[in-house]
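Report on the following structure.
Letters A, B and C name the chains as they come in the text, with residue numbers starting at 1 for each one.
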Amino acid sequence: MAFILKKAAISALVALGLFFLMIGIRTEAGSSGQLIYWTRFGELAAMVGAVFAGSIVIELLRRWIGPVGGVELPAGVRATFATLGRLLAPALLIFALLVPVIFYKERYLLDLGILVLTYVMLGWGLNIVVGLAGLLDLGYVAFYAVGAYSYALLAQSPLPLPHLVDGFPFVAFSMEQLGPWAFWVLLPVSGLLAALWGVILGFPVLRLRGDYLAIVTLAFGEIIRLVILNWQDLTGGPNGISGIPRPTVFGIPLTPGEHGFAAMIGVPFSPTHRLVFLFYLILALALLTNWATIRLRRLPIGRAWEAMREDEVACRALGINITTTKLSAFAIGAMFGGFAGAFFATRQGFISPESFTFQESALVLAIVVLGGMGSQLGVALAAIAMIGGFELFRGLDQFRMLVFGGVMVLLMIWRPRGLIGHRAPTVFLQKRTEISSSLVKEGHG
Amino acid sequence: MTTEAPILAIDRLTMRFGGIVAVNELSFTAGRRQITALIGPNGAGKTTVFNCITGFYRPSSGVMQLVHDDGAAFRLDRLHDFRICKYAKVARTFQNIRLFPGMTALENLMVAQHNTLMRASGFSLLGLLGAPSFRAAERAAIDFARHWLERIGLTERADDAAGNLPYGDQRRLEIARAMCARPALLCLDEPAAGLNANESAALSELLLSIRDDVGTSILLIEHDMSVVMEISDHIVVLDHGVKIADGAPRAVRDDPKVVAAYLGADEEDAAQVMEGGA
Amino acid sequence: MDYFFQQLINGLVLGSIYGLIAIGYTMVYGIVGMINFAHGDIFMIGGFIALITFLILVSIGLTMVPVILLLVLLVAMAVTALYGWTVERIAYRPLRQSFRLAPMLSAIGMSFVLSNFAQVSQGARVKPVPPIITGGYTLHDSGNFAVQLSNVQIVVVATTIVLLAVFSYIVARTRFGRDMRACEQDQTMAALLGVDVDRTISMTFVIGAALAAVAGMMYLLYYGLVDFFMGFIAGIKAFTAAVLGGIGSLPGAMLGGLAIGLIETFWSAYFSVEYKDVAAFSILIVVLIFMPTGLLGRPEVEKV
């Protein structure tokens, strides 16, 4: 007990050192621009006290719970958990399909569902690059941005491009001719453009490893954002682009008019229709990503990605072209990011560089790592937990990011290998045995 | 001894790292459907020769020519990186085993058939759509992998992670993986290192069967002289990057220069050379 | 030509600040092999601590500028070092034996915590300070353009040089420096030889944070403001500098810092201010294509 108290006292002392100036003194720019300050020793004392008490509680918990965590669960319980685990994915899918039915009246929840699914999709896309190919990408948001801006710019009619270059031949074809089909034509185009940018990024980083790769991808993400921010003639700069065409149900607009979707199927118009449609749209896109990833993993290209993550040298010795393997991972990961971006643009109707900051990349990466690298279900669960949790903290207002960061740290300490800690083999002879993640490499590229 | 043209002819191969000459004007040939051993004291430059042959290093000078059974010839000194395995059909293992530890034994063998399967999957397009032609190719690949798993006695552990296998099994799995790339020339870097007597004997058998039943030529770096003397058709001895002897096992063993090189370098190795032949 | 010299001076001053932050990145990377994403925010905290200390000292009636500066420097270094120590203790030590991405994510989380802690505790608005060090010299006046060297610039560069000298001495000559270099090479072996690895790593974070605090204070003096978000951009640029110089190399970090400072300044001066960061990042990418381990980095030899 004395030991615990001593430890808590030291923690409190450290807290005092940390917080004395930062919490004890509050600075602010005064009315005439000069700095003023006032003291908040009450808050300071409360914080230090909280650290003292918290330290005691944590230490006690560690003593009581610590040994229990190491106890093996009985076989029966573990089997039940395994069955539940297998049922989890189908159950989640059925739930996702039913969300608009159950929560038809709760616009807020539908919106949140759309947001979560967008991140599920981004997570699955980035998972190809980070989880499967083992390439650390800190600038994934760049492809999200490329997708969003490609859609927004191409859908804008007349295109701003001709203003930049006199007599630009593009004017010959106007996006207006596409009319209500704009989204469906431009969605794949946005994905392909993002994939192209994936390859453009891929080339310079082919020879880079580990943290050099991380910083270059981060730099790339920032370059894209800064160019969008500063190329005002094209992108509207910080003001962004508004009036982006909304999606249509395969050509039928979701509007109140007589040609609208509601009139076509003979129900009264409601703005919720669009939300429901957007929900199913992103669900379909996310499932497409999932389907493609699962399929690709079982193809030679997917196995080459994973083999590259495990040992690049051995891959070369087996005749695998590392260049094309890496580029394909970047391109396909980027393509799904581009799809998600186009969806984001059409959902919001407005985009600006603010939506494509490093925080977004970090968030998606956190989802992938927390999910357990390479695990599709894990990524989905992590996206639900992170985005859902983030929304739960909405009431905390300005403390939200603080709590969010802290939770991120704690989650990493609690499960450094992510929620789903094993890898499923892509092919088997007798039986599918899960591989413990302690054997799986994380790549160094 | 056959009169067939050698599968690999190395002519005045030199590899310099900065000012250090690791391999100097080395010339030798590896016989078709034969086991050629490359031996020498530690630091003699054996692995460097391997890295040149298998495309990891670009030699400073010299010519390396590989001729397939159908007469197709490849200049290994002009090919590089993955192309050596893909086109010239040279597969290798590593001194420190380099399996894909987080993938199963079977997956390891599937990765080795990457190029064949890649073509069959229409560069993923046909595969993504689940085309029957790709499914057939994949079944064939699994069968080929199963065949090799049987040969190395690992069928039971096909679905276990490679990183979980015992050391000896990992060594054999790495050889099987190289064989799944259907090589014309198999390069093995110390395959017997760390194996016990039983495992070494099994290894010798495996290598002989690869030579006799599959007809693959083998180039081998090995310190375990009992293995070398037992299975090699031809031995090349390297010391300080220079060839000091070249010939049949018996001739090499009795060569005073070889004995001196080993004695000078390491008494234990020298004793092994003697014993291996005794 | 005068304009060029003026930009050279400005670039070197900015580069000194980046260099000081970059050293923290490169030290931590050298010893634990991770990108300390929170380091930029440690720099920001350093700036805030310096600001608050300065405010207190002035309000209690201290007027001697050199004394104020020295006290602010010491307090900022000490308190910020405590932040560095705490961050390592809470967010990185439990993950030291873990795989590579977990500490990185933990660091990103910590970076969010620190920047938002500053936002919550000190408010979101930019905090300006009146110029503390004024005056300067006109080096050359050609009539239409005068090359200025302000006293602040002299202080920034001089402080950087002095601290670098102290720091180089610590790394090269002291017991701690030797332990640190030993841990960089092989932690297990160092531990077997009696080096307290935990302590050495803690000290590395402490020193890195102290240097970041100096950078924070210099930033405050030079630009006359701090805000809770400044850690991110400065952190990324300093990390870019560390990579550019060759991560793990201490002279490389300083060189990289100067390079980024100069690139940014010259680009702003001759091309466009808006694209100065784009220029810095693009040059990073170009350099890494041709020198994959940076300017002074040790080439990573791949053993086959």
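The definition used in the following text is that a residue touches a chain if its C-beta (ideal position, glycine included) is under 8 Å from a C-beta of that chain, and two chains touch if they have at least 3 such contacts.
The structure displayed is predicted, hence computed values, not measured ones.
Q: Report the chain ID whose CA centroid sits closest to the centroid of the full protein CA set.
A: Going by the distance between chain centres and the overall C-alpha centre, it is A.
Q: Please flag the chain sitting at the greatest distance from chain A, going by CA centroids.
A: Result for the farthest chain: B.
Q: Out of every possible chain pairing, name the one holding the most C-beta contact pairs.
A: Chains A-C share more contact pairs than any other pair.
Q: What whole-number Å value describes the gap between the mean CA coordinates of chain A and chain B?
A: Taking the average C-alpha coordinate of chain A and of chain B, the gap between them is 44 Å.
Q: So how far apart, in whole Å, are chain A and chain C when each is placed at the average of its C-alpha atoms?
A: Measuring from centre to centre gives 30 Å for this pair.
Q: Between chain B and chain C, tell me the centre distance in angstrom, where each centre is the average of that chain's C-alpha atoms.
A: Inter-chain centre distance comes to 50 Å.
Q: Could you list the positions in chain A whose residues touch two or more of the other chains?
A: 313
Q: Find every residue in chain B that makes contact with two or more other chains and list them.
A: Each of 56, 94 in chain B touches at least two other chains.
Q: Could you list which residues of chain C touch at least two other chains?
A: As it turns out, chain C has residues touching two or more other chains at 304.
Q: Would you mind writing out the residues of chain A in touch with chain C in their complex?
A: Checking each residue of chain A against chain C gives 14, 17-23, 25-29, 33-35, 37, 130, 136, 204, 207-212, 214-216, 218-220, 222-223, 226-227, 229-230, 313, 358-359, 362, 365-366, 369-370, 373, 398-399, 401-402, 404-409, 412-413, 416-417, 442.
Q: Help me check something: in the complex, which residues belonging to chain A touch chain B?
A: By the definition above, chain A touches chain B via 292, 295-296, 299-301, 303-304, 306-307, 310-311, 313-322, 328, 423, 425-433, 435-437, 439-441.
Q: If you look only at chain B, which of its residues touch chain A in the complex?
A: Result: residues 54-56, 81-86, 91-92, 94, 98-104, 106-107, 110-115, 117-118, 121, 123-124, 127-128, 130, 142, 146, 149, 155, 158-161, 163-164, 177-178, 181 of chain B touch chain A.
Q: List the residues on chain C that touch chain A in their complex, please.
A: Going through chain C, the ones touching chain A are 29, 35, 45, 48-49, 51-53, 55-56, 59, 75, 79, 82-83, 86, 90-91, 94-95, 98-106, 108-130, 232, 236, 239-240, 243, 247, 274-275, 277-278, 281-282, 284-285, 288-289, 292-294, 300, 302, 304.
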